[in-house]
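Below, subunit A partners subunit B and then partners subunit C, in two separate complexes.
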Partner chain A sequence: MKNRLRRVGILSALAIVAAVPAAVPATAAAKPTITMSGSTTVAPLAALLARKYLQVCDHCVNFKLLQGGSDIGVADVAAGRVTIGNSSRDPKPSDPGGLVFNKIANDALCLVSNNANPIPGVDQAGIQAIFGGSVRSWTQVPGSTQTGTIDLFTRTAASGTQDAFLKIFMGTTKVFSGASQKGSNGLVEQSVASDPGGIGYVSLAFTKNVHTIPYKGVECDLRNAKSGQYGGVRNLYMVTRGAPTGATAKWINWITHTKAASKIVGTQWVPLV
Partner chain B sequence: MSVNGSHNAKPKDRTDQRAEVALGALASAVLLLIGFMIVFVFSKAWPSFAHNGLAWFGPGGNVDEQLANIFNSPANPSNYVYTMHAWPLLYATALITGAAVLLSTAISMLSAMFIVEFAPEAMRRVMQPVIRLLAAVPSVVYGLIGILVLVPFVGNHVISGAEKDSVRYVIQLDGSSVLVGVLVLTVMITPIMVAITTDALRSVPRSWTEGAAALGVNRWRALRTVGLRAARPAIVAAVVLATARALGEAIMLSMVSGSVGFAPNPLDGTTFIFEPARTLAATIVDNAEGLSVKPFGQTVYAFAAVLLISSFFLSFAGWAARQSMRKYTLQAR
Partner chain C sequence: MIKIRTRHPLSRARVTIAALAAAAGCVGVLSLPSAAVAAEAPLCGGSLELNDEIPGIEPPGGLSYKFNCNSTVLGYSIISTRQVDYFSTEVIVLDINTGEATNDAFGCEGPFPSSGFGCKGVSPYGNWLSGDLAISRDPCEVAKAKSDKFKVWVSATVIQFDSITNKPFTAVTQPFRLKGPDCSKATPVKASKRHSRASA
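And now, the complex of A and B:
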């Protein structure tokens, strides 16, 4: 008796398990799914855009958005695990062949210091001296209200933000080897916000709790980034394997060519049109 | 298992037979999985070891620069950069794990003894579920507390300006340090050790400690000389388990112990404990972004291989230690 009851229980559990996946494809097969992974800088932008796109095209596609970092995105799309790999870094010679980097927006990279230490401005030589490790005390930095040692917060080698920082600001100068390497924009912002002697660099969207340092006399804000006056601007990409086709092409085209998309991009990033 | 069959001359129970097959298959699947994992990790890691030889484990140069160079390798496979001298990472792993395990062993032995022998019943009833709960807190929660509270506190109030200045051309002391890493790690692994040790002390037969008490020994001494001795194999098991968790701890340490591949120098005196260090596991987490670059991925797999090997040695050392204690102890685990 007991045995039979158990068997009935197992059977009905199996039936439920079998019924669930059977029900899902029936509804999902109708529309294409666009999967994205990669850059943590692009992810919030992609999420905002996707929400609007679903409204505009009346839920013509399904979106799946994952994060992980620019290199994860590039690797995923190259391996065919996702339709689009988000990247905040430029193409590299070691990237797998056949990838197309579709530029979707620009992003301002801001130098930030603690709110207690509002540096009035810095030029490229100053940045290279500070991040290169030849200037290690705030007393040597003009306009600083701090006197102690400079704490540098940088990103790990694999980060798209790090790649952009080295290219835009550092040139051939090497970053000081004792600098603390953080894994994300948020961690750098948090570290600088809690350390009066700290300095670092983050994407413009991560500057709420820290002081942004004007670079070459230009404040790091959206207006200056859009007008092209601010020097620290980098590219954001949606990477596809081969040129985008079908629903993916429509989606990327919508981002780069419509007013509605530009408006969303323009809230915290720099639109292309 | 076959007790029923042999005594009652009945054929083996069918449910038992099925269970035997199913469980056996499951157990062998686990073995197979471990085998595959080892082969996979080592085949991925091999180029990194092969290019560096024994120098891989030695000091030399700056680990982070080496990692960056590997990451920026040219596209041509024959020009891949593999140079890696991982000593600072190995040293940081041993230092932070070792210090945390030592500290937590001392703390957990004492608190387990207190819970088993001295704590009032009401307190015991509260403490045990709380400790079990603590053991299950995800490490990232500890990491958050560490980075939001402890690291800024140590950086701004504990480390003096003079200390920062004294080493400022070598390394920066911003609060994320060996000290915070060890402290948070200790808090993380102590509950597991307390839980296991408490169970072991409780399973020591009452008659053994009562025998000691009958000889006129006080509770503390009876517990120390009889209970604790009898529970040694379980304590070793607890230490092994805690060390394994500490070795593999990645997220929390990546957040609080300073993400610099730096070997803290004991000759720096008290400044030593404020210096940052990054363990192997934390290095893997921090650099997971670059796995798609082939030589970089292989180097990260090499870190994983070293961690895998050290956990084998750990299990083996635990087993060997328990072998030597077989006499006069409970065969608990």
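And now, the complex of A and C:
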């Protein structure tokens, strides 16, 4: 009798365990998950916005945030691997068809040097000479405190920041082939911060440990980016396959149309409203 | 009538730690040679501090974490008993001797809200990793039960060397708990704000 009771008990417990996985999909389906991949510039903004959105909508969705660079985000969303591809570059003719670039904010792209080498300013010709490789020594750069070789830090080809830099600052000039390519804003910031002969470009949110170089006499800061005085401002997007719908549409609409979102965007980026 | 009394042998926190540590370390475990013998077990240690100054994060809930290991770190997972709803997507690496930023960084990814997140990069022996996270509750809120006590662990994927062949291999550390946060350091104003928010 005792053994029989034990057997019934075990069978009942197994039945409960077997029933649990069947209940999980129903719960998960009730709360949609928004997956995002791509731009390392958009990632920190998306993380901050998602936290606030979860509070505002009473945890109506789940988020999953991945990185990889703008081109990865665009490719992922086009292939249906994620809900949103984060991009810090404008659409390209080579992008897959059917994508919608939903603009969510603007961002200042800052030129940065080491804190021990506070370059007082640079114009477009100067940037093209330095990053194009025709000027290789700091002695040729007015205002530099360094005398050695210029160490260039650029971004990898998948980067939207790289694309925006070429478009805004470089024109038709190609970047010097000897430049060191980095995979994220943070790595460029770290590289320049630890190299007195270093120079690079990053999103304004990644300038804490480096000197920001004024461009055409205008400081790269939030105030000048918001007023439109700073010339190195680019667009940030959340890219969707077709027009956003459902939970994704609500999320993007909240980012672009509410004061709560604008307040967060305005801490380090330029809000649309 | 048969009454079935079931009691789960593991607490939820332990199960979460085990699951996340296993997930974080699967790459390292798969690449472990069967005969590999580490010269010594990888050791890591670190701390957690209240941080009400994270731009865009309304206090309370903001925290900064910092840890290092006695070997090169290739990745790590943060695991929390209270729901994580924000993490810094890029984590800086600080030099062990000078405390200054090196040219290494980690990129972090994961779901939120969740029990944690994962980061990948490279940090040479002993250098400090320093990042931010935020939880949905006040870290200093008194725990409602023992299992509700706020604790954070890190499990890291590190490079070890076989003591016989001296060949490198990847290994995963045991989850180690980050010390803190020290709630007595919260300023009186912030502490009252915490209390009112927690009781609201």
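Note that in this section the second predicted complex is superposed on the first by the 249 of 273 C-alpha atoms of A that agree within 3 Å, B and C clash if a C-alpha of one lies under 4 Å from a C-alpha of the other, contacts with A are read in each partner's own complex, and residues count from 1 in each chain.
The criterion applied here is as follows: a contact is a pair of C-beta atoms (placed from the backbone, for glycine too) under 8 Å apart; a residue touches a chain by one contact, two chains touch by 3 or more.
Bear in mind that the values here come from a model prediction, so they are computed numbers and not experimental data.
After alignment on the shared subunit A, the placement of subunit B and subunit C results in a clash. Contact with neither subunit B nor subunit C is seen for A:233 once the two complexes are overlaid on the shared chain.
In the superposition on chain A, contact is made by A:194 with both subunit B and subunit C.
With both structures placed on the common chain, the touch criterion links A:267 to subunit C but leaves subunit B unconnected.
By the document's definition of touching, of the two partners only subunit B reaches A:152; subunit C does not. When the two structures are aligned on the shared chain, A:50 is found in touch with subunit C, with no touch to subunit B. In the superposed model, A:136 makes contact with subunit B only, not with subunit C.
By the touch criterion defined above, A:181 reaches subunit B but does not reach subunit C.
Contacts of A:202 after superposition on the shared chain: neither subunit B nor subunit C is touched. When the two complexes are overlaid on their common chain A, residue A:69 makes contact with subunit B while staying clear of subunit C.
Of the stretches 132-140, 150-158, 276-284 or 294-302 listed for subunit B, only 132-140 runs into subunit C once the two complexes are overlaid on chain A. Subunit A residues 183, 187, 190-191, 194-195 lie at the interface with subunit B in one structure and with subunit C in the other.
Those residues of subunit A that touch subunit B in the shared complex are 68-72, 74-75, 78, 92-96, 133, 136-137, 147-153, 156-159, 174, 176-183, 187, 190-191, 194-198.
Taken together, the subunit C residues at the contact with subunit A in this complex read 2, 4, 6, 55-57, 85-93, 100-105, 107, 109-113, 134, 136. Remark: subunit A residues 5, 8-9, 12-13, 16, 33, 40, 43-44, 47-48, 50-52, 54-55, 59, 62-67, 183-187, 189-191, 193-195, 206, 209, 264, 267-268 touch subunit C in the complex. Interface residues of subunit B, counted against subunit A in their complex, comprise 62, 64-65, 67-68, 71-75, 147-148, 151-152, 155-156, 161, 164-165, 168-176, 254-255, 258-260, 262, 276, 285-294, 296.
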